[in-house]
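What follows is subunit A paired twice: with subunit B in the first complex and subunit C in the second.
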Partner chain A sequence: MEGKRNVRICCLCNERRASLKRPKTLQQICTECFYLAFENEIHQIILSNRLFSRGDRVAIGASGGKDSTVLAYVLSKLNRVHDYGLHLFLLSVDEGITGYRDDSLETVHRNQIQYGLPLKIVSYKDLYGWTMDEIVKLIGLKNNCTFCGVFRRQALDRGAAFLKVDKLVTGHNADDIAETILLNILRGDIARLSRCSSIVTGEDGPIPRCKPFKYTYEKEIVMYAYFKKLDYFSTECIYSPNAYRGFAREFIKDLERIRPRAILDIIKSGENFRISTTTKMHEQGTCERCGYISSQWVLIDDQSSSGDGGGSTRCCSSAWWMFTVTVPEALRSISHVCSGGGQNQEKNKEKGGSLHGCIHGKEDEEMKVVFIDKGKRFSAVQSH
Partner chain B sequence: MQLTIEFGGGLELLCDSKKIHHVNVEFEQQNEEDKLTMRELLSWVQTNLIKERPEMFIKGDTVRPGVLVLVNDCDWELSGQLNTSLEEKDVVVFISTLHGG
Partner chain C sequence: MACNGSGGGCQSGCYKDEETTCGQPTASSETDSKSSSNLCLKCKLNDVVSGYGGIDDGRFCADCFRSNLFGKFRLAVTSNAMISPTDRVLVAFSGGPSSRVALQFVHDMQERAHKNFEASRDRSLPVFGVGVVFIDESVVFPIPSHEMEEAVEAISLIVSSLAPPRKEFHFVPIETVYSSDSSDGKERLLELMNVVSDPTGREDMLLSLRMLALQKVASEFGYNRIVLGSCISRIAAHVISATVKGQGYSLPADIQYVDARWEIPVVLPLRDCFIQEINMFCRLDSLKTVKLSTGPSSSINSLVSSFVALLQEENPSRESTIVRTAGKLIPFQFNRIPEIIDGNVPLATRRRQKRYNLKSNESVSSESFCPLCNSPLDKSEIVDWSNLKNCRSSDTFYTSCCSSCQFQILPPDSTSMEKFYMDLPHSVVARSNQVNNGKLNALRYVFPFLVKEQIQDCLLSDGEDET
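Presenting the complex of A and B:
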């Protein structure tokens, strides 16, 4: 039995008291050596993946939570120490969730002062004319996360365009990415499997997004924030979380306890999957009408109790399915419907009746659509 | 035994949003070598401090995976986790890593 009074010495400097065990390497190290190792690894990831170029304007997607807070801190430090020559900004989305986002935005406001970074907040209210509070009142708690995610993604793009940035960085960590890889395997979503494994995405879109924490363990991010006493916000969103994702998260955490390397190994698996060329891929497309990039849609059978999953189709694909669109009243004012034809109806029926449709806001927002097919009601929202 | 127990990363929400607790843990010493360990402290915390959703804190006989534990600012993985022995005036910190990013 080990007692805590057997003080362990840092295996890197052989001087100071060890303060933590690194999950990646199982090394026992002191806080000073940890800071250096943590920051240096992220620096190496940035260099080896050529994430930035000198003079780049870079927006940090800032939620006030642990990951983006640590990212803002570390990125501004690396920019200073290694002279990257980046112009950094904090970019936050205000979904309009009372008691959650208003509190976390206060944290972002403090970060703005603490790190001396300019802050831009884009709100659902300004962009879309409503808040998540209003939407939840309207559509209820089911699927509101997927719904909200769609809009957050686009709100970040809008904010990034406003700031005229070259890149958007997000705080997704190794645990998040392992979880998403696992989820995409569980859903058979091959297209998203390869996309979610890359450190940079959307290079062909308006603003590339990158994840400097792709190989950084959540445990280390939280330990870093704790030892550095960084100010972050940690309350769950008051609207219901995604249960399927929750299970995947729990599974990853259980694996990590038995074998911490499992997280990096899942990421490695995701990166090295070779998809057979005969596999049909739903790729990201561009809407013919509005030109906006549209990724896959998640179809939800409104009458079944499972909140997640279902087949996925692509917005504005060449094949159309006839559908009736009903839009919640609050959204009606900002919607128009992409015209749909029926030339491939029979083909689609054979595939199990996949539905295609697309609806856009006046200013080219993707919207939630409700399909009525043979008296059955489906909703589709563009997924994360 | 006088201990300071801190909750962070959202775990404080399980105990009336109070982050820092100065507590006195009664411990029956059977013989002189007997020491209060984290194993006993966990069940004491669960009984005395956690007011709601204990499954966010405990899984099986230990903390839920994703909850970090530090004893006097030292990762409990370095001191034997549940077997870590505690002494007067120790500071035990529990931080959840599971809340938003």
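Presenting the complex of A and C:
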């Protein structure tokens, strides 16, 4: 960082000219050393956390964006160089968003050829019978991200199950994780706070997910993609980026400017938080209908009688959507669904018996309760 | 199909409600005209006042607001056994609104206790004593001398007006942390601070030194409690900045009502009060506060403070949510007032303390502390002392500090580190030596053979030979 102004020789190899300042350490280094340091760090993370075992089938959640593109590139390279013995696949979700996902999937298709990885695309249309475009038409732009996130989580699980993979890796980077830790503190979500900093999650679920980029800075990923001239898609989703998240994002960027190490320090704090075991955690379990893990429950009252009990089935809300209704129909025809949540149920009654179910948010998203009533009104409020 | 119907649009509806109450504070001077029809929720007699932030903003009249705020203070004091009749309490007063209100409340409480004492027949329950301390940090952050003189005058006036009962006032320069080791404390302090280049590190270093000075004064003048005015807003900011500095392990130690890891326990009775409430209280009762001019800060601390303040503006319960979240992290064993074993203390006091104290199974015990900031060390920060036998003491000191201090305060190179070590106050060095010796004791639990070595000469036969 200091000195060597006139020379500018890479401070790692001491041979080549330094052409970049490494965001994480502010060292002035050459691109070759940067590639090496970048890849090596991820290799070390994979080894020290024992993310994979030889022979594993691993799906890479590929959106066509920078993170997943770099992840696919680096992982296939490391697999080759260090002989991990992994079978890699690209797995994409098509939410059905015209002007965004169709374009980004083009990128994934190109990556499939460039990296020689088999690709599987699962679409909302096939899985659930509707596209996000249709949903947005119905519910408007508010809260659709949460909604979409919930279904993407399960779509990825289903795609992974189809590919019969042992693990699913996602491109969440250090900035994402630091941001999630802060957001969970800000909104008081202690249960998620305790989970969000783990490198492997969902070990008790059908397919464990891991984040090899947990300690990798977003800036370095962008830099890597830039110097390697990787082919990625950089447009944001047309259906509103989450404003609240953006706020925390900006704060992280400000911190990084003052102290690059702050991002790693936040993750370290997240790992070191000791959360009281007596703290009430969200109930996690397996849905009675679809078999997927869920932290929020919906009671489906099959007899259409009022209140809880009776012939109701406990299941995760995604299953509720999928098995009981398809969304456009739900708005028209469902007669009665009530949730297991006592407080919400009370509120619900006050509102004149409107229908209501809990959906479980994607791991990093805010929890929402979806209200649906006979008057075909559809909206969401934050719960907990 | 409406997205935000009357029933379903709750989220935006609630938010708007908050926004309107939030909007009031800025127009607080005109509230009289606006709120003529708004009666206090509590007494239903007087008009409400607003502008004090938090979730209660605009609900109470001035009187009910005052008693509500004092109620929060008193609840914190009684339910954590912060102050007992036999105690001598030292209030750390910076001149700012938070510590001003803390001082006022402690005084109010003392006054009541005094009245009760006068009225009681047997006068069995003594009245706790109160002293006030102001730490002068102008050596580190220079302030025009006339400004400091005025401030000190104003502060001593404030203290003397809070009588009876009379309160002793201690004006203490920060370099007092050197007073026992040498006369050139000022120079050494400056040298020490100059080694620290990181702006956040400088601020945090000063914070540690300030606590050292407070402890020193308290101990010298026989106080057994130190009262800080840290309010919820301050604590919320600390939660975030400690997280940002990687102090997730030690964080819970700093944010409890009681912090007894020091020789003299430190208590935070304003832990549940918002800064806006405190400002409002000062305004209503025209409490005089003193603000010393400070330069702009580019530290993590100030960045975090403005971030949290901004969030609080957007949502009036944000700060309490942050503190509540952090409150679910497991505190340490020292986060409570040590049990009184002294037989001279009235039984009622002891009983009360027992009732309210933290359950020990809900806390973590920690044996190792950073000698610089005194934060408990996590496993990865505790070093293997067997490898450090032949190291220079400055290097040993470096290794025994927490990783956060190592990064933001300690100099990275060995020579500057040695210099830094030489300039440290004696009490800090002593703390580090104590830590290291403690480490050896701790080792004995792990390696019984070390114990065996010590008593070897008294053993009649070697256990293994017997079989």
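Definition applied: the second predicted complex is superposed on the first by the 282 of 384 C-alpha atoms of A that agree within 3 Å, B and C clash if a C-alpha of one lies under 4 Å from a C-alpha of the other, contacts with A are read in each partner's own complex, and residues count from 1 in each chain.
To be clear about the criterion, a contact is a pair of C-beta atoms (placed from the backbone, for glycine too) under 8 Å apart; a residue touches a chain by one contact, two chains touch by 3 or more.
Every value quoted in this text rests on a predicted model; they were computed, and no experiment measured them.
*Asks:* Just to be sure I read the superposition right, which of the two partners does A:269 touch: subunit B = first, subunit C = second, or both, or neither?
*Replies:* In the superposed model, A:269 contacts subunit C only, not subunit B.
*Asks:* Determine, under the contact definition given at the top, whether A:125 touches first (subunit B), second (subunit C), both, or neither.
*Replies:* Touch status of A:125: no partner.
*Asks:* Would you check which partner chain A:77 touches, where first means subunit B only, second means subunit C only, and both and neither mean what they say?
*Replies:* neither
*Asks:* Once the structures are superposed on A, label A:28 by its partner contacts, choosing first (subunit B), second (subunit C), both or neither.
*Replies:* first
*Asks:* I'd like to know which partner A:186 touches here: subunit B for first, subunit C for second, both or neither.
*Replies:* second
*Asks:* Touch check for A:261: first (subunit B), second (subunit C), both, or neither?
*Replies:* The second partner, subunit C, only.
*Asks:* In the overlay, answer first, second, both or neither for which of subunit B and subunit C A:235 touches.
*Replies:* first
*Asks:* For subunit A, give the residues common to its interface with subunit B and its interface with subunit C.
*Replies:* Comparing the two interfaces on subunit A, one with subunit B and one with subunit C, the shared residues are 254.
*Asks:* Across the complex, what residues on subunit B touch subunit A?
*Replies:* Those in contact with subunit A are residues 8-10, 13, 35, 64-66, 68, 70-80, 83-87, 93, 95-101.
*Asks:* For the complex, give me every residue of subunit C touching subunit A.
*Replies:* Those residues of subunit C that touch subunit A are 1-5, 7-11, 14, 198, 200, 239-240, 242-249, 251-252, 298-300, 303, 307, 311, 318, 321-322, 324-326, 328-330, 362, 364, 378, 404, 407.
*Asks:* Could you list, by residue number, the parts of subunit A that touch subunit B in their complex?
*Replies:* Residues in contact with subunit B: 1-6, 8, 17-21, 28, 63, 65-68, 104, 171-173, 175-176, 218-219, 221-223, 226-227, 233-237, 249-250, 253-254, 256-257.
*Asks:* If we count contacts the way the header does, which residues on subunit A are in touch with subunit C in the complex?
*Replies:* Per the touch definition, subunit A meets subunit C at residues 138-140, 142, 181-182, 184-190, 193, 247, 251, 254-255, 258-259, 261-262, 264-266, 268-276, 278-279, 331, 351-352, 354, 371, 373, 375-382.
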